[in-house]
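Below: the structure, in structure tokens.
Going in written order, the chains are labelled A, B and C, and every chain counts its residues from 1.
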């Protein structure tokens, strides 16, 4: 695979994805490339098919056509489980935490792929069980510290505020040490402080861990600030792709966002 | 080997494709209508409120037992019928008001468990109020068989005996379904009911009083359960075993898809036919009679594995 | 007022993931175990052992087994008694037919066999969800009832439908005969005191194992599948494997509970008692005790089993013996248990375990409120 436009290496190439539910088309012929180590924002009006796009990437939805190439390996369809194994992490638009567990337990589930002990070892507390549990707890505590969740680590997640829940969900995705993170509206519905915190977290994850980030967001200010690359969708199709500056000056994008009179 | 040849011979003209086999299937389907009848109440409640009402069988026992006990105490049958109907309506309203309404917005599992608790409560109440003896019931439903062969003497395929009782049950089922259809299609309440079953929140937003609708559904179900209970009582007599009706209804509505009344009827036919085939052809090979309980569930399992939401069930796209 | 964590600090993660984090709780637990292992055998008579302690432990394990499927993994099951039946018959046939078999190994195997049966009937959970899964577990229940009726070989061809469990089945010690000779004990190996110890040791071990599982990756995977299976899948938990694993462990517990039911509690083997009603009673224990709680499973078992006894005893004490007929007791227990289920679901969905936790919470912050 050749190097991308700005001399960067592609991390994931999405080609000609088509997705329909019964008769309704959610995504039409979308292609774009996410480069290694960048923050790529997918924007677009409500119902543009952004969340569906993320669901296709990690295999929750199966596209009718097209392919996804992740780290040089090409797939006609992903499976959620293999996406996770390959290092694609994910947070959801409507928080998808495990509501019956505490914060630390939720984050620990993020490391399930690295925990090899069987249920017999776990039941008897022998073999790898105890060692693994402590080892991964240490890794999770680092994340808890990074996200500032120390004081609530044992709190059941269902009793936390929306902003904190979003943070825990990010923590759970981070615990898997993903190579690529898909964030579905990570700062939507937050107050200004929470938004700033979250934006900082995202940038820090990207810089310090080198994680490629694909995020969906409505807050244009944040999008233009943090992202290196913006893909714009409207009605299931791609209408813009480029740096924030390029996209901002794209007439189609402006039309989609500001509306355009159709009488000409 | 013997097992395999036995199994294969079932699907030959010696087996279910013989005149006797056809008779078995038809008789089975007709008896399956009894199961569909139990299922109708289930479906009504599940469709409107998402409650998987396990107490259906005990409600049936309660209604039948109340009616029988009243008539045994020399109450005029018509008066007893009216009293029982009123009792069942009240019961429906009370259940909705004091059990289901406080549990609204809880998980489906909690609602199901509440009905399991309710089931146990009603069992105790029914037998505590009346008694746990076996009561015979004769409503005068004819139960003598009709020999179709008498009308078609030369054709072995018509060598079929149909019980008039099953015919009667089928007629009741037909009128119940017709009545419900008319109710749903042509009344204001029916329209509201359909709206509620489509989307609780949207229905509430346009001003449909949810709890009133649910109360109506529970009351209507109570009455239907009473009618069905009478038919079951006539066949089995009234005793604790009547609660087993719920176990007959379960595979039926699950095959049908939980939300569909036509599905419930078809499910009944399938389970009825399958039970008879199982009992007559499969039980001897499997090594023992009395397989019908798990056989019915196995049949349902096969159908559900093919279509995980039943024949007419709604498949939901999981949004995340 | 002494009951609080102030001053108790954890210095490492090993300490932090203790089973019983509070020092006071640990004292209570050790005291409780001491009572069970030393106090009860010293003071309890056969009636108390056979009618109170043993059945409560046996049913507690059955409830715990069901709780693993329903409470921890969210898979509805109504086949508990059927799985217990497979366990009971496995234990019987092993102890009856295999010379060198002992109770512990037989119990273990009964768990394994029931677990494998559980896997078979759990397989449909890979494709079907929610209430539709009831079909599979009810099928298991009715299949078990039919199977052991249709094939009486498993019951040693007993014509009465019940097989006796003679004392020589109770082989629970190495060199058992010599040891009994040494101490000069009566050789009725099936005396209630031995059955009590067998039940107690099994119960404690199984409860510990369950606690170990739920505080490790196994339990977290179960709960993840219960709370949100799509999200679990996305973070790499194999939902199918987890469900099958939960069915195995759940039925393993139920199987052992079935073997205990026969060997420790009623002392004979009878497939009629492993009927659907039993499954429902165990379901009640789980609902009342608290979904997803080990303590709750036992509390639920104690309540559902103990309530009719308490009612009878109280009535006998107040009105003189035998005033209340069994039908009255039974109907009233049904009404009360049914009411309790509904009321608890409305006010405390976590059941008795939830109540217990809120009491503990109140104690901890006393004299302050909430």
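Keep in mind that, in the parts below, a residue touches a chain if its C-beta (ideal position, glycine included) is under 8 Å from a C-beta of that chain, and two chains touch if they have at least 3 such contacts.
Bear in mind that the values here come from a model prediction, so they are computed numbers and not experimental data.
Among all pairs of chains, B-C has the largest number of C-beta pairs in contact. Of all chains present, the one whose mean CA position sits nearest the global mean of protein CA atoms is C. Set against the Cα centre of chain B, the chain with the most distant centre is A. Each chain gets one centre point, the mean of its Cα atoms, and the points for chain A and chain C are 42 Å apart.
Taking each chain's centre as the average of its CA atoms, chain B and chain C sit 33 Å apart.
In whole angstrom, the spacing between the mean C-alpha positions of chain A and chain B is 48. The set of chain A residues touching two or more other chains comprises 60, 92, 96. Those residues of chain B in touch with two or more other chains are numbered 318, 320.
Among the residues of chain C, those in touch with two or more other chains are 230-231. Those residues of chain B lying in contact with chain C across their complex are 52, 99, 102-103, 106, 108-110, 112-114, 116-125, 127-128, 131-132, 247, 250-251, 254, 258, 286-288, 290-291, 293-294, 297-298, 300-301, 304-305, 308-310, 318, 320.
Across the complex, chain A meets chain C through its residues 58, 60, 80-81, 83-85, 89-90, 92, 96-101, 105, 108-110, 112-113, 115, 117, 119, 122-125, 129-130, 132-134, 137-138, 141, 172-173, 176.
Residue ranges of chain C in contact with chain B, taken from their complex: 70, 74, 76, 124, 127-132, 134-136, 138-139, 141-143, 145-146, 149-151, 230-231, 276, 280, 283-284, 287, 327-328, 330-342, 345-346, 349.
On chain C, the positions that touch chain A within their shared complex are 12-14, 16-17, 209-210, 212-213, 216-221, 223-224, 226-228, 230-238, 245, 249, 292.
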